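Each of the next two complexes has chain A plus one other chain: chain B in the first, chain C in the second.
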Partner chain A sequence: MSVGAAGPLITLVVVVVVFAALAPQFRTPGNIANILDAAAVLAVVTCGTTFVLLLGSIDLSAAGVMAASSLTVALLVENTRNGADHGLLGIVVAVLLGAALGGLSGLLLVLLRVPSFMTTLGVSAVGLGIATLLFAGVQPGVVDAGLRGWATGRFLGFTHLTWIAAACVLVGWVVQRHTRLGRYAMAIGGGEEVLALSGVRVAPYKVAVFTMAGAFYGLGAVMVTSQLGSGVVQAGADYSFSAITAAVVGGTLLVGGRGGVLHSTVGVLLLTVLANGLVLVGVSPYVQGGVQGLIVVVAVAAAAAPLRHRNQVVK
Partner chain B sequence: MTLTFRPAAVLLSLCLTALAVTACGGGPEAGAGGSADTGTCDPADITLVGQVRNESNPYEASWLDGGDTFAASVGLQQQRLTYDGESTKQQEQIRQLLASGRTECMVLNVLPNGDSDTTPIVRAADAAGAYLVTQWNKPAQLQPRDYDRWISHITYDGVESGEQIAGSLFEAMGGSGGVIALQGVLDTAAAKDRFAGLEKALAANPGITLLDQQSANFSRAEALTVTETLLTKHGDQVTGIWAANDDMALGALQALEQAGRAGQVAVVGIDAVPDALTAIGESRMTATVSSDGPWQGGIGLAIGYCVATGELDMADVAAEQRAFYAEQFLITKDNVSEFQDPGTDPADFECANVFNRTAGPLA
Partner chain C sequence: MSTPAAGTAEPSGSAAVAAGPTATERLTSLMPVLALAVLVVALAAVDPDFLRRSSLMAVVDAAAPLAVLAAGATLVVLCGGIDLSIAALASLSSVLLALWLPGLDALAWPAVVAAAAVAGALQGAAHVFLRIPSFIVTLGGMSIFSSIALVVSGAATVPVDDDTSIRWGFTRVLGSVPSAAVVAVAVVAALALLVTLTPLDSAIKATGYSEAAARLAGVPVDLVKVGAFAVSGACAGLAAVLLVARTFSGGPTLADSLLLPAVAAIVVGGTAITGGHGGVWRTLVGALVVTLLRVGLSTVGVSAAYESILYGAIIVVAVALTLDRSKVLVVK
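This part shows the complex of A and B:
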């Protein structure tokens, strides 16, 4: 990692040190476990979004995909609405549904040549529609002990969700660094024309990236469902934008081809630490949103400064 | 012919009394609700419309179900409309509805997205001659009594509900201990009023300390994270959690479970969503307040229906019935079983009873 790319990480360390100095509760092991637990879902969702951003595309479908997957998993595992008890199979189906919806975004992008901004917004609406139909007025509560255990169970002091998120980040990193998919995603974002002219068919890779992103959203939805204890249509409401924010804060730029899973994860941690620390330090809730926004803007400006080309146009 | 005559009729109805309008009733729709005050619609000609944000939460879904039940009881069907919480979409739906022609026997029971959305809805419905009942949101200075077809605005006293659940919470805590408060979206009237109710209850109970208050934006997921953080900050001092709605209360319950403190901390909320009622039944949660969604969905249509058919004379509708706080119900373990099966009582929707739940005039 170059010095420039380490900007967000340095910001994270500074923020952590400041909070640790100001609030004694911040530096307790319990709170560190809390922060990682709170960051888990966003980390998984951001893994998916990161690959789409690397392509130079954008993905606003997390809200809808997560809604559909959340309701699906809640209705397939043991629940309060119907007699289903498919356990792990239900979880797999929910993740596959996410992948399918992601794949749909990708196909619309490459076949119809509709900008990803529009296709993913459309797919998000489709997902919300599916979720509302499945919801049918009655919230399905999760009874399945296995799925509930994801949020409540702990291993070495950290919740299972934290470990799942860590595994996802690792998988994301491996895909990015060591597979053709990851390297081509990077290359497409860096210079799609060059890649196409050199004989690479980029369309299948684009669809694959969106499909993988959808799978991450699906898994994120399963995790939220476990946390909240029921299938919730609004499960992913804020995640589309939070994930993009986290990725950009971490140094995965919207222009594509720059950044990566680890960068984005630093962004996720920075956002989560801010939300946690501002409460512990005792900043009034009425100004918290503003303070948080300000710190994020300053952090992005500081972190991205060394990354900017002299003549780069920012739109 | 009709084109030139209609504006004249509209002008007359604005300037003259109800009698004058009936007198010039030569137009094709004059028989159907020509009077500004009391309707003469044939029950079979009435269209009933219920409009809420979305059907993806139990409360608003039960609202529309209540509307369906009322519609069925008078042999009609309710048109169910949802606008995904988007103000522009809501206005567009209203415009399309009112452009459909026979608006003079149309009854609208509307949940405006926000205060400012109420004004254009009221103006459009009044101009088209459709009967309108709004709920929850309206700007303070906008009054139904200034309009002919906007019959009533119904809302609930947030200060009262915030205070009621605080009372139950403090009782469950044995009159002393530390409370954390989860506020709603801070710039909404609901969040402000409910929190004012908590502050009122705190003033009356010196044994209780408010340890912290944070906004979790009425969201279950945010409440989960915020509660985890606050439990870290205040530890065992926390013996009660006051939440401005049930979604946040349920998020707090999850946080308690994940922190291994389930059952040691009393939790209260507002809205009476099914999950909260289950939690109260299982003694995991202490109290909530119900505005009775199915009743809200039915009552707006019932009031409009009664006026449109002339069974209820607008002259008999008192000033305080045109903008009022409706009765709300504190639900604890003692009475939770009465609320677990959401439904409506047909007697509530009889024309003589539609204003029975008036708890006081809107301040």
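This part shows the complex of A and C:
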């Protein structure tokens, strides 16, 4: 790891030290478990977004995909609105729905040749529509003990959500480093034309990456549903943007081909520690979004600074 | 404008650039007006009352804030960028207007529009000088504006007690014409005149068409882009004035739901998301189409939940139809 790549990690350490010095509540073991717990959903969602960013594309669909998956899982496991009790099958269906919506973004991208930020904005709206239809005015509460246990049950001091997130990061890292999909995602971001000219059919890999991202959003939505104890249309409200912010802050560049799951996870921890620490030092929670907005602009600008001498067009 | 884009090494790219508009392209550019006509006829067939003066006026009244909001952002899209912050900026402006009205009175709305223009210009400057893609700057801006709106309003709706100085935004002129519609047409006309009577038209389109070539040809690309973002911000501020005039309050999320319809209005109007092709008049038609679709859904009795799915579908379809394929060799 070069010095530049270690920047986000060093920043994370510095931020942790600063908050630990400023707020005594910050350095309790309970708060550390809280931070990891709070980071869990974002870590899973960011895994998906990271692969899309590696392609050099962008994904704004998490909000809609998560809404649809959240309502789906809440209505399929044992709940307060209908007689369904499909347990694990319901969770699998919700993840598959996420994958399907993600795949739709990818298909629209490669078939209609519409830029990904537009296809994913459209798919997000579709997902929100599906969620609103499923919601139908009555919030479905989750009764299923297994799913509720995801957020409440603990293993070695950390909630099951934290362990699921850790497993997702591991899976993401393995896919990125040791599978053709991960390698090609990296290569597509680095130089799509070159890859296509060397005889690789790029389109199926792009669709596969968006599908995988959708599956991560679906799982993230199941985790949010477990936390909230009900299916909610706003389940994914801020996650599209937070995931991009986390990935970029961690060193996964928007131009594609740079960074990866582990980089992004450092970004997730950095954002979560900031959110937690700022509240503990007494900053209004409403300011959080603004802080994230500033961070992403600064991080992207810092990443673009070394490339400034190129006469490169920025849209 | 027939100069091929500099730096495109792809042979198939330049051929498409040199050719004039084909029959399909002419049809595509007429599409928004055709869609509008078809929608009006279809709605009149389903509900004969629709053609009554009052229903038509209700539609143009509903479309007005959307048209103003989308008109400014059209300039950004023409430059080849995108402004995702307009709805959040309009929400923030509505809060500021509601807070400033008691103190500044008649000066409140110009102050809000000016503040929104400055906010837009700042985003443009960040985009141009820090070389950050416009959708990231404005996505960040969206977050920042929402956050400021929540903080200054205390996350609550701010009521307006005395709205005399902005009553012009929600009244009737010449009998039954909604003033908001007049404002929308005036804004679009002013923007169109400003653009066509000055060299701005070619500057904006050249920037959107091929930024590198425009820069080499001496177009002040950076200035044009910052200007486009400033106008986009000002229009968001003015849209907020219209919204506050009709709801008698400002809210930190008042206009947030207008982002998708506004983007839809721009692309449905036929302005290409790749930049360089389109115009502000087109957005006016687009805003009417989007509003009629919404009205049409409820007339036919379809649940409002389908609205969101519809916006998603029309955004993707309209972008696919209007995209300038000679320019995007690699779609990201």
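Here, the second predicted complex is superposed on the first by the 282 of 315 C-alpha atoms of A that agree within 3 Å, B and C clash if a C-alpha of one lies under 4 Å from a C-alpha of the other, contacts with A are read in each partner's own complex, and residues count from 1 in each chain.
One rule holds in what follows: a residue touches a chain if its C-beta (ideal position, glycine included) is under 8 Å from a C-beta of that chain, and two chains touch if they have at least 3 such contacts.
As the structure is a computational prediction, the values presented were derived from the model and not from experiment.
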item: Touching partner for A:Val296 - first (chain B), second (chain C), both, neither; value: second
item: Partner chain in contact with A:Gly229 - chain B first, chain C second, else both or neither; value: first
item: First (chain B), second (chain C), both or neither touched by A:Tyr286; value: both
item: Partner chain(s) touched by A:Gly256 [first = chain B, second = chain C, both, neither]; value: second
item: Chain A residues touched - chain C or chain B, whichever exceeds; value: C
item: Touching partner for A:Asn31 - first (chain B), second (chain C), both, neither; value: first
item: Partner chain in contact with A:Thr132 - chain B first, chain C second, else both or neither; value: both
item: First, second, both or neither for A:Ile244, with chain B first and chain C second; value: second
item: Partner chain(s) touched by A:Leu121 [first = chain B, second = chain C, both, neither]; value: second
item: Touching both chain B and chain C, residues of chain A; value: 128, 132, 135, 286, 288
item: Chain A residues touching chain C - in the complex, by the definition given at the top; value: 55-58, 64, 108-110, 112-119, 121-126, 128-130, 132-133, 135, 192-193, 241, 244, 248, 254, 256, 284, 286-294, 296-297, 300-301, 304, 307-308, 311-315
item: Chain B-touching residues of chain A, taken from the complex the two chains share; value: 23, 25, 28, 30-31, 34, 37-38, 67, 80, 128, 131-132, 135-139, 141, 151-152, 159, 224, 227-230, 232-235, 237-238, 275-276, 279-280, 285-286, 288
item: Partner chain A, residues of chain B touching it in the complex; value: 54-58, 61-62, 65, 183, 186, 212-215, 219-221, 224-226, 228-230, 232-233, 250-251, 254, 257-258, 273-275, 278
item: Residue ranges of chain C in contact with chain A within the complex; value: 80-82, 126-127, 130-137, 139-144, 146-148, 150-151, 155, 211-212, 260, 263, 267, 273, 275, 303-313, 315-316, 319-320, 323, 325, 328-332
